[in-house]
């Protein structure tokens, strides 16, 4: 009966400590929940920052300017020769148009201040109008011209507007003009088409991501074309054909390690081998795509092998029992069943490749490239590198452009991830 | 159909106990009394709900998503599923030994000391040492492990591991010990040792044991309950159940016609 | 010890067959003749090498890393392990049905049509249709699935799936059908149907079946071979083996003393 | 290759890219690819050879050195045209949020040279805070972001700040020439002087995020970022357009670019690019480069340079 | 463009060959029913392979050698005077000729002629390429077609070809590793010719910006990587301080506590966090985190450098949370349920079970995961390039600016392509060290993780 008393004492002691133990339990649980919330909080903070800083990047300030296509300036000799029309001093016309409204006197510094309000795109717009139809020469018309980045910033409220404020990007005189324009209803915000159709530019209001998007597209196309067949073939070989021996062990160890090699090292490989030995063009999507292909090859192989492993052996046995050859077993049964898994892995690999930056810096993708690439051999930027370049640019307006570009990049990534998740959920089989 | 024993003497007592796992009902309306100081064996074909019943007693089913228990189950007359009852305390009173020996990946000493430590049963190291030694002794393991208390518990043989698990359960000084097929992963010699141990423990603890082996039930238990498809078919003295079952189902099972 | 049947009438014939899995020897020196047009059952306790022997016949062991086969095994007198023999062709002649039904995750039609397709057995669609229908008919499945040939084969019940696998094997018009515990995953009713089917198929095919159930062996087979620990202990007419085994081991096994 | 490749000075980079963009917009040729490598780095690339894989134009913020011409010649780069595009001042600037600096060149020397004379002896630079050099300076740790040796601005800094300040140190007067050069021109390596290579926006970035740090950078960066940074007056002169144009500001120098004549014709558009660069609408007093902070040369010089550029006059050392 | 057309044509011919081969097999089959060795399709493939493989091989060779061939021919045809020029000059001329051939005007009549020649050559060249490859394709197809007969083992042959492709593919991984090692080693060895290996490994000064010409005074050109290593370690350590608790606790909460609903939201959120490119995090560090840390530091009266190790490490830590959490989640769920039940059965609370039973059991796996994360932190580039400092300082103060191995690799190589100065080559030596360190960590980590998995499988 001694045990009974011991048991009774147990109950008592346990009860006495229960409060403290449950408090510890609660604390622990809160720690866990807090960790998740903090992690999620960072995600929200990051996305919030990006969206808050970047959404205005999709808008662009424009000002209405009455310009005259002055024949004296454009084509003094009346030749209408395209060369002459092209080379004319359109910026002066824009300046004159602005000056006519805002500054009666013509002092030099005022005119400089004035031309700092509009983007050079205005002059370009006029040039194109003349080139398209020389008949406009000699007429006057009101055009909505793209504002300069500084005016854009102030008008959007991302730079101070009070006269004399610290960190002013426009001087007092320019701020006065802005008020004038606003009063006259000659300033507005419009959708920033240039951002989606343009290439890089040193002028923030002219900078666009299309060049980088096309560059990314070309790079990823090269990556996909190389890494997908190679990855699938390797996975199939290792999982379905290779005997277990030293050689296949070596390959396996290799793949596992390559998956964890820092991407900047792949950049060094690209520089030393693809550029210096094979003389692929610098800054080109071919070189970039090749490097990225090597980077995501292990991912694809590992995902592919997992997908192949998930196909039950009974399927293979059934096919073998009917007299299918090993390749037929793979081609008719195993691969089709493993394909969704392989595609998921490939999409995730591509998503990673889309965001890779460091190795591309190594192969010269940091150059200033304006033209939209026409082929994978042309120099081009890619989205993440463009983001890096803009993030490092000193103009305040590039912060907004950087954030907007990040939004576009994340959009692509989310789309790719969703596609992968959708694929996984749709085709995932539990055997 | 059931043979009730007087309520006062029963340690554990189920009335109208139903258990659902999601849609599936695993136990139907069980009325069962388990007397103190005896070994009660639960037998029946696979999937009949033996483990489910056992795990109701220390509310291990709480951990299973979607498990729902209705009806009443009392321990010493107080409802186990009462909201005011603390499950930690309950489990300190009701120890459990599992089918597969599951020593913690710690030293043998720490394995046994674990329960007393979390419940604060020992005031000082000496007391803890005493509890550990005592429990190992009772589990008949002390002689075998005395010299290597600081080695890992997972390094022991299967039978030793299971006895270690029993020692671990005893160390908390529970009133009831539940055992779910404690010998099914052991070889015959280890099984014999554990059975012997159960027999010795009977004096101080109420023991409920689930077993697949009718021989084992016959060897170690005083009472036997036969489950079938989630229903309690018959319960009674072990002797009687095995020699003179009342229900034809029981008869069929113990003579090996099904299961 | 073995009862040889005249070589001429045996479809499959093993002489001194040894199989190793890496270090481990799974079959020792097997001499066994399997006559054409009969059902031969292989019985014996778990791990005795029944499946291994069966899988030697259509060289499924080729797919196992480290499996090594020595000795001779002939099908219609020609060596199955001859280098010049094409394993694909061999397997077209020797069909196989597995323990767990394993239909392809394709339509019922495609399941059955797969074999004829890869072997080019049908010249046109009509011919293929005929083969498929015929095979389903022979497998006693046609009535049940006729209206849903384009549905997935994995959607059938277990018994139907197993008969689908048999239809699939038949579709290639093999001479021999190997079955490795074809009913162990099925319920009694489905089992009965499959057994019935086996009985019908016997007229046209040589069937070798591995089974755990002695009742099943007795029901479906004309000859029975008893394996023990990788050795062939006894082979003979089923009737005789079950009523009057020569070897004490066989006796012990069929009376349930071990296994 | 049918696309011009331009390398070289980070100082000229903003101007070069502006011209490249304008040139590309005209639509007749592809937009040149411009990389900012620093004057020295650009020269090395430019002079490494003739052919597809070598750049056509290099920008420079100092004149080409005889040693570089030699290197060019050695590699077969024999025809070079030099164009002076305007002027630039080297400014010492820091964030608007930071303290105000008023500096002399001697103070800059003392702040950034590796070894400085103290008490008649050349010792490793002991100054930690600006106020250690002169109590009138802020009591902030010395942290200067400056260009690496592959930059023309670095050479200009050495030539226009370190050497003159050094020459005034009596302790160094009697030193042997080579040793003196080394003593005067070596900058600190203890972390007070941080070298930035290839890209001035990095300096820009670092000083905006680090208000107490000073950046050695060029006028156009100041001009374009007046909302964020301010420049320290040097020897009492504030860096303004006019002060630099009139040569009052002590640390100013001309900017250049160099054209590989052998590539004219080989790569389409080189000549046209030069023409665009040297047009008044670009480098004129009211041209778009002036908006970017280029200090235009006097009209006469521009005219002469434009002529020389368009006729691809040979470089004369 | 032309080449693409040619490739398309070859592909078309191969397709035809496939059809023909198949037809032929059918014909053979109907002559001798039941004797065909393989399915007709395989005969088709066999013929198509014979048709396509050699043709495409030749096409590939042609693509590789065409430029140099035409170049040689054009040079041979240039006027004597031009031909005598040095090689670089000829290079220029050829480029100009090529541009002229593309339609850019040229002033030099010699070049115009050469351009014409170039165009002609290219046309003939392409014509002959077309002729040769198409002929080869046809020949191959005919050869194979003729040999289609019943006993032809078409399937094994086709399959062997495919298998060869599979095997070849699997060696790419090896070639990649070999490529990495060789390219790093080669350039690093050149570096070690100029800089002493021991100085590099144990030197305390890093000041790589050397003068670019002989008549200039640059920095001393010290290449001691210790400050870089300590900087890397400092930032990695900070990142682990952030990531380890957050990641581990997230994993614990998700695997042990969370309702399925919470899990369904939290898991994808962490996956999104894992999928965000690090360049975005770098931007985040620069515009949000670093200023915030400075502000907090300022408020506390601390002197925080603009590119403090803390900011970079902190943000890097955020990026590592998902990695640690998912690896820990894996190992925690791999701990057998029976251990948890054992603890619960003794009356342990959930947290007691986790802390005292589950975590110790999962420890090796978690350690492996952490090592992987550390290796990732060491190799991470963009965040530190954007948010960490440039000057190599030997300090353990997280509020100071330090630089890392990867930052130096990038700054040394971006924009500069001179491969004869130690400055550039140093990047490769650093790359080699980085490769070595991460490789070592990975091998150990993978080993631990694998061994741990085996324990419970």
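Each chain gets a letter, A, B, C, D and E, in the order it is written, and its residues are counted from 1.
The criterion applied here is as follows: a contact is a pair of C-beta atoms (placed from the backbone, for glycine too) under 8 Å apart; a residue touches a chain by one contact, two chains touch by 3 or more.
Per UniProt, the chains are A = Phosphate transport system permease protein PstA; B, C = Phosphate import ATP-binding protein PstB 2; E = Phosphate transport system permease protein.
What you see is a predicted model; the values in this text were computed from it and never measured.
Both chain A and chain C are touched by E. The minimum number of touch steps linking chain A to chain E comes to 1. Under the contact definition, chain B and chain E share the contacting chains A. A rotation of 175° superposes the C-alpha trace of chain B on that of chain C, rounded to the nearest 5. When the C-beta pairs in contact are tallied for C-E and for D-E, the bigger tally goes to D-E. Of all chains present, the one whose mean CA position sits nearest the global mean of protein CA atoms is E. Averaged Cα coordinates give chain A a centre that lies 61 Å from the centre of chain B. Chain C and chain D have Cα centroids separated by 86 Å. Chain centres here are Cα means. That of chain A falls 32 Å from that of chain D.
Rounded to whole angstrom, the centroid-to-centroid distance between chain B and chain C, based on C-alpha atoms, equals 45 Å.
Shared interface positions of chain E, i.e. residues touching 2 or more other chains, are given as 155, 286, 347, 349, 352, 414-415, 417.
Residue positions of chain C with contacts to 2 or more other chains are 88, 118-119.
Each of the following residues of chain A touches two or more other chains: 14, 21, 325, 364, 366, 392. Applying the touch criterion to all chain pairs gives A-B, A-C, A-D, A-E, B-E, C-E, D-E.
Interface residues of chain A, counted against chain E in their complex, comprise 14, 21-22, 24-25, 27-29, 31-36, 38-40, 42-43, 45-46, 49-50, 53, 229-230, 233-234, 236-238, 241-242, 248, 250-251, 254-258, 260-266, 268-269, 271-273, 276, 282, 294, 297-298, 301, 325-327, 351-352, 354-358, 361-362, 364, 366, 384-385, 387-388, 391-392, 399, 402-403, 406, 409-410, 413-414, 417, 421. Residue ranges on chain E touching chain B, taken from their complex, read 336, 338-349, 352, 356-357, 360-361. In the complex of the two chains, the chain E residues touching chain D come out as 86, 88-89, 91-93, 95-96, 99, 102, 104, 106-108, 111, 205, 207, 209-220, 222, 286, 290-291, 294, 305-307, 389-393, 411, 414-418.
Across the complex, chain E is touched by residues 88, 118-120 of chain C. Residue ranges on chain B touching chain A, taken from their complex, read 86, 88-89, 92-93, 118-121, 172-175, 204-205.
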